[in-house]
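Listed next: structures, encoded as structure tokens.
Two complexes are shown next, each including subunit A; its partner changes from subunit B in the first to subunit C in the second.
Our next item is the complex of A and B:
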């Protein structure tokens, strides 16, 4: 019997590598070719360096797609679902974001699995709460 | 005026000569000697590479993996507003269970187990700032003074003071 696997999109923001489930991703785009509308930057994942790639995230309930600006898209990895761990309880209780859905170990290093729709939603909510000065 | 808090009367689990000696786990934090009930500690581990978490409070510098288990790191110095504990390749952590929470407490150095005769334990002054807020007593051994922490209370305070997801912040 084959163990269920999750397809994870690996991407880089700054010096750090993150993962997200492929089903949250509509497509990978070029930030330069995209308009500024719908670009999501300055998330809790940290600052970007190169801003080369955009991960297009579906909007819930028929809303507008958003493009998360990242530095690199590294590819897709298949991971047995048994290797995906939840955040440790204490960490889950104290972080101010719901955008980390779990962890997977690659070469013994915990890699965060990011819930992209939640990340985008939190960034948009933060932007509404504290709009940048004109 | 300071008031004294009573030192916990119950001996720690696993104590020998219960009632005469108290067993503590001692570590150094930002120049001071601190200890907490030894029975809270399950093991001492070398800190692996840290993975930082987005939107984490300063007292949670990250998580690391130990034997396939992901452990959150607790920086007590940051928790009490006394500054960050430097994390180096040689940094070790005490893995502790405090109620439902399992955390790896980092320090500037681990002394390990110390046994303190209960007659050498004194109540701590009742102050409400910094580390003093979480002291349950003061002990003395041949190496000097040890401030005894109520670690479960400190961990619970860390949890409750963090702004939880959905209550604000980004």
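Our next item is the complex of A and C:
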């Protein structure tokens, strides 16, 4: 019997590489062709630079899709679920975001696993809390 | 004038010759009378004709007449002798008076003789005239001696002045000759320098003409450089357009590769969502994505190369523009240099001509100076002769002055007043 695996989408924001489960991703699009509506930027993952790709995230309960702007999408990797570890309490306190659900080691480097719907919600909630001046 | 003392006559008194007896008795009375007449005719005035000795009356009358005439002739002869003695004495006295007045130089008095004879009157008058003439002569000679003394003094002063002037002239001529000698040397030096200047100007002219040719070649090269720069500029423009075209094509390829990458990513995503069933699909998608990434890497390299080519062509364009500007500037500078060299050529040509003219002029000057030096030497020689003559003239004038003084002293001896 084979060990269950998780399919993780690897992407890069700034200099850091993150991962998220493919189930949360509707598709991958081009930011330049997407227009400005529904783009999610300035999240807790950090600032973007190249802004080449957009990860389309499905909206909960039939809402509008959101596109998380990232610098680069690196690909899909299969990871045994046993290698996915929960986020240490100290790290969770420092990050101050509920979007980071765990971590996995790739080539002995820890990679944060991001819950994209949560991240989008937090960003939208933050945007509603502090609306930009008209 | 003191009267001359009378002195006895030195001439002896003529005495009648004594009658001589006939050498032989004439054969007739007429012959006897004729012989007596012949004796009388020979100057024997004391001959006796003895009329009583003739028997013929006619011869007796002739003898008586001859005897009477002989007596008268003797008396007259005696008187004549006495008169001759007086006149001779008067002449001696006059000659002695003349000698005395000439020796003493006293021409102020008159000639007075102790003898008074009408025969001496013309002599006394003549001597008076001679004295008057001598007196006039002495007066005129005295005046002439005085004038001669004055004139000779003036001549002496003039001769001395002339001698001094001649000496100064000789010195000046000597200095002038020396100066002309130096001038001759300077002319020679100038002629040599002018010849050297002409030679240098000729060399400079040749060099300047070569420089003119070089400038023409330089200007032709500049024009060719400018022409090449224009061609290079055009080529760079074409190259730039082609590079831009390549860039456009690369952009299209990059866009396609990006879409391919995106498509492969979504394919891999869908494969991963499909689980085990989508594994093969995911492998194909991964391979597609790898190819797309390779293409994008290549297009990135091409873009980098295009960027480098753009920078290079831009630099080449700037260099080409710089070459055009420099070539144009070089042509302008070449034109200015050409104008300057043309001016230099003209100046050098004029300098060469002037140096040649100076050389000829200085040669002529040298020849003229040599002639002047020769003439000055002759003048110096003549001046030396003139100086010697002036010295002699001064000596002669001095001698003349002394002679004039001597003459004046001598003339003073004649008393005319």
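Convention: the second predicted complex is superposed on the first by the 131 of 134 C-alpha atoms of A that agree within 3 Å, B and C clash if a C-alpha of one lies under 4 Å from a C-alpha of the other, contacts with A are read in each partner's own complex, and residues count from 1 in each chain.
In this text, a residue touches a chain if its C-beta (ideal position, glycine included) is under 8 Å from a C-beta of that chain, and two chains touch if they have at least 3 such contacts.
Every value quoted in this text rests on a predicted model; they were computed, and no experiment measured them.
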item: Overlay on subunit A: subunit C relative to subunit B, clash or fit; value: fit
item: Of subunit C and subunit B, partner touching more subunit A residues; value: B
item: Subunit B versus subunit C as contact partner of A:94, first or second or both or neither; value: first
item: Partner chain(s) touched by A:59 [first = subunit B, second = subunit C, both, neither]; value: neither
item: Which superposed partner A:78 touches (first subunit B, second subunit C, both, neither); value: second
item: Which superposed partner A:110 touches (first subunit B, second subunit C, both, neither); value: first
item: Arrangement angle, subunit B at one end, subunit C at the other, subunit A at the vertex (C-alpha, nearest 10°); value: 90
item: Subunit B versus subunit C as contact partner of A:10, first or second or both or neither; value: neither
item: Partner chain(s) touched by A:39 [first = subunit B, second = subunit C, both, neither]; value: neither
item: Lowest C-alpha to C-alpha distance for subunit C against subunit B (Å); value: 25
item: Subunit B to subunit A touching residues, read off their complex; value: 48-49, 51-57, 59-60, 63-65, 68, 70-72, 74, 100-103, 155, 158-159, 162-166, 168-170
item: Touch list for subunit C against partner subunit A, complex; value: 258-259, 262, 265-266, 268-269, 271-273, 275, 282, 286, 289
item: Touch list for subunit A against partner subunit C, complex; value: 7, 9, 22-23, 25, 27-30, 53, 73, 75-76, 78
item: For the subunit A and subunit B complex, residues of the former touching the latter; value: 16, 43-46, 85, 87-91, 93-100, 103, 105, 108-112, 122-123, 126
